[in-house]
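Next up: some structures, all given as structure tokens.
Next, two complexes with chain A in common: one pairs it with chain B, the other with chain C.
Up next is the complex of A and B:
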């Protein structure tokens, strides 16, 4: 198991190198002037000043020099101050958000993470349970109901479902508002008495002992959570069901029954672990998609996550910001895959011991 | 006179398929005495496995369904008892070994876990006792280093070793009947011989009855006392093993015996084979199901499906024609 994980970890820098090369390649579509936003906030209008910046940051140098500078940044020889350098987490300046891309990610990503956690945990647990039940009682009530919901879930566009939710729960019933927090809650959260332990609003509010803020955050998140889980839940049930059906046909399941084991042991201890591999893969994909920012859902509910920020930036051709997000996304993708690989090894001894 | 252990009467099993209802087992009756070894032979798809799985109610349902018959085990009908009661028979009193050891062990559970399960369930051992017994069982089937190997997973065992594990698992609770469903088909010839020897030895040591399902008449000759031959979901011949080899009565049995390769044959000679393929029965046949492939088939064979009839002492066959004379039996 140890060597398996080490081998996977060694792959991480290689993959990251690949991601950065790709994105660096895309950056080359920008003119040197536009690329200077990687290092300076305000791009001057004056030609001389622009040429100075291009010289200072080597934007007219050969590609490998530029790549290296893009990675480690430029350290001023006099002041010793470093500007740029994505290895240090400096992705440049976002002109649409009027802050560094870095800062933008730091403020937006916790919101997306918060949403993802609350959407993914119920989806995975309920989805797996329903999928197993549907397979065990094939063509039974749960199976039929799950199938109908799956079809609706996969064929119902997010924005339609989201809009429907808004119409019912916001416009008509006024139960759940869009956005992130009510004004009174925002004032408390951004006051000095509120400690930000994890940056995840729901968890921080619990840690601060403010159940009222937790509830307020939840009220704002419930509609996006439902929208997200409804869509991915359908896929989850389908994959779990088919994987479980296949496993139930395996001979070792008959062996387990022939041993006289009770049916719940046969299903939960013998069949289900074997059916989990494709489900883990799917879970990895889902988490990656959600963490990358769910553009439509966040936009529909005006939820200040990373997807909404990316959509804003893209709409205004703020390439520096978009590519910053792309690097960040690549990092998440690599890490999530690592987690999936480790979980594989955890479930399947054939992976662990080979 | 040893007592009757298992008495199966008129067992019928069907499978629902998109093409229609397949009659897989059609009124099969046989019995098994204490300590006896019964061979069940026939081509793939003749219903031999389904018969045995039906007895333990292990056929997947749906699509499978046991539509009629009884299977009396020590006076109790296995087909009518509650699912809770039959669980206590499976693995404890009647256990099974399957064809393919590569797929019949669970890949994500340790061998130890899989071996101790029936011990804790049926014998009521605790984990420690069961571990000790599982190690004993592994040694009994000839796996060295048994204590360490309990921690291994199936993929760390070879095919032959896995079949040994399956046998150890099947015998763990000292069953009265061991049903071996083609346990050597998926193995190399040398390993086959080892597994057969192993089962023989354990059968004699533990005194259980064995039902050995196979399509290899050669294997049956050295192992069984009595043989039943199945075709199209019917038993078409039943005889003590020596009698069956010396004096086969059904044309199908003759064909099976004829297609065995022999050491004393010319090397260039073509191996005999029975023309055609076994039937898939969507309805119960009105004629002899073997008639289309039978060179003795007479007029009557196309009009009526023969039932098992006595053709000698302890010898029954389901055929109208006496293959020695080519005429109807009197």
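Up next is the complex of A and C:
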């Protein structure tokens, strides 16, 4: 297993290099002036000043020089201050949010994380339960229902589903509003008496002992959570079902039944744990996808996470901002993939013992 | 032994053998494995429903000028708009200005001769019905272009990778990994946002973005199919009788390995159209007023608080898009069962 993990670790820098080259390539469609937003806050209107910036930051240099500068930034010879450099986590300035891309990520990411944490629980638990039930009662009522459910789930475009939720639960019933918080609640949250321990709103409100704010935050998150769950359940049910069906055909399951074990013991103790391997991988990917900013869901519900920020920036053609988000997400993706693969190696005896 | 037992090269015995079952011309043409895939697709009620949905949309796309005659025949994709007020108007309300010509089926069915907004108008008085009907053509156009392009790229990359093997294979597969690492929707957003100022608002930026980040799956599938076909006996036989490598690849390996990828790709249209609609819902892509389902839906974004009054501006285009994607998914679901290696041989 040692060599497996080492091989897997060696792949990380390769992927990182590839992703940066790919993004750098797309960056070359922009003019040097637009690219200067990687280093300076305000792009001057004056031609001389623009030329000065292009010279200073070498935006007219050969590509490999520019790539290197993009990676490590430029250190001012006099002040010793470094500007730019994605290796140091400096993604440049966001024209549309008028702040640094880093700041934008820092303020938006906790909201996305909050949503992810609450969405993951129903997705995984209900998805696995339904998948196991469908496999145990193969071709029975639950199986057929789960199949129809998952085909509808994969066919429903996220934004159509989201808009329908808004139509029913917001416009008609007035139960769950879009956005992040009601006005009264955000006044309290941004006042000095409210302590931000974790910057995850739901957890902070509980730590502050404000159940009303917790409830308000949940009310705003319920529709995005349901949308995300419904769309992801489909894949979960399908994978759990087929893995479980395969396990139930194994000889050791027949042995367990022949020993006279009760059916629920056979399923819960013998079959299900072994059927969970592909589901663990899927769960990992699901969390990664959710963390990557669920662009469309957040946009539909006007939920201020990183996905919505990226979509807003893209609609206004603010490429630098979206690039920052893409690199950030790529990084999360690579690291989380690594964690999932290593975890998988620990769980699966076939990998662990080889 | 009689003289007649000597081999003459004309094997009469072989001519008399009959297969255990009838083999149709189609099966001879496709080969038994591909024929099995095709038959599996036409077997379940779900996939037949899928084919019916697809056929319905093909009909709408072909008959678009008859169903909804365009106001401007030179530019039929422009959704006709009835005025400029932003507030949507309900279903079956009359056209007040810029009414397009009446379609031939309207009078016999409705017994009136004034054209109405069958499904209402959306923000900016764009007619929802026209958006849906002509949007079907947009959907098929983008779907076909993207699927054909990603399929070709996937075939080329995948077969080069599988054919050369070794270091080339390793490098190409790492490139595939890199493309898969970038979150798809963000990557597509960046590329579309970068390209839009260069080539203007049209279908093209989104199409290029979808092609650039859409070929990897096909490359992987064709690669693994080629690797397995490469080991088959008939390839060995071709090698033994001295067929050239390039000929083995193009005449013997690819035709035998391409079918699953081909079916997979053709069913990818549903996904492509879905993603394309999502991009234009986010405001990337075509000009305002171009018949495109994603854009018709995005008109609703400003009316979220009053959707209870204007439900028709999301329900109809949303239903259309969902049914379109569902048609392809139903067939695709049957395909997954047929292609599952554990199901092979059980038709």
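By our rule, the second predicted complex is superposed on the first by the 338 of 354 C-alpha atoms of A that agree within 3 Å, B and C clash if a C-alpha of one lies under 4 Å from a C-alpha of the other, contacts with A are read in each partner's own complex, and residues count from 1 in each chain.
Following the convention adopted for this analysis, a contact is a pair of C-beta atoms (placed from the backbone, for glycine too) under 8 Å apart; a residue touches a chain by one contact, two chains touch by 3 or more.
These figures come from a predicted structure and were not determined experimentally.
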item: Three-chain arrangement built on chain A, chain B and chain C clash or fit; value: fit
item: Which of chain B and chain C A:152 touches, first, second, both or neither; value: second
item: Partner chain in contact with A:29 - chain B first, chain C second, else both or neither; value: second
item: Where the C-alpha centre of chain A sits as vertex, the angle toward chain B and chain C in the overlay (nearest 10 degrees); value: 70
item: Per-residue contact with chain A, leading partner among chain C and chain B; value: C
item: Which of chain B and chain C A:329 touches, first, second, both or neither; value: second
item: First (chain B), second (chain C), both or neither touched by A:317; value: second
item: Chain C versus chain B - closest C-alpha approach in the superposed model, Å; value: 9
item: Where chain A meets both chain C and chain B, residue numbers; value: none
item: In the complex, chain B residues that touch chain A; value: 53, 56, 58, 60, 87-92, 95-96, 98-100, 103-110, 117-118, 121-122, 153, 155-156, 166, 169
item: Footprint of chain C on chain A - complex, ascending; value: 11, 14-15, 18-19, 21-23, 26-27, 29-30, 151-152, 154-160, 163-164, 166-167, 170-172, 178, 246, 289, 292-293, 295-296, 299, 310-311, 314-315, 317-319, 322-323, 325-326, 329-330, 333-334, 337
item: Touching residues (chain side chain A, partner chain B) in the complex; value: 249-252, 254-262, 269-270, 273-274, 347-350, 353
item: In the complex, chain C residues that touch chain A; value: 46, 174-175, 177-179, 181-183, 185-187, 189-198, 270, 274, 277-278, 281-284, 297, 300, 304-309, 311, 314-315, 318, 321-322, 325-326, 329-330, 333, 342
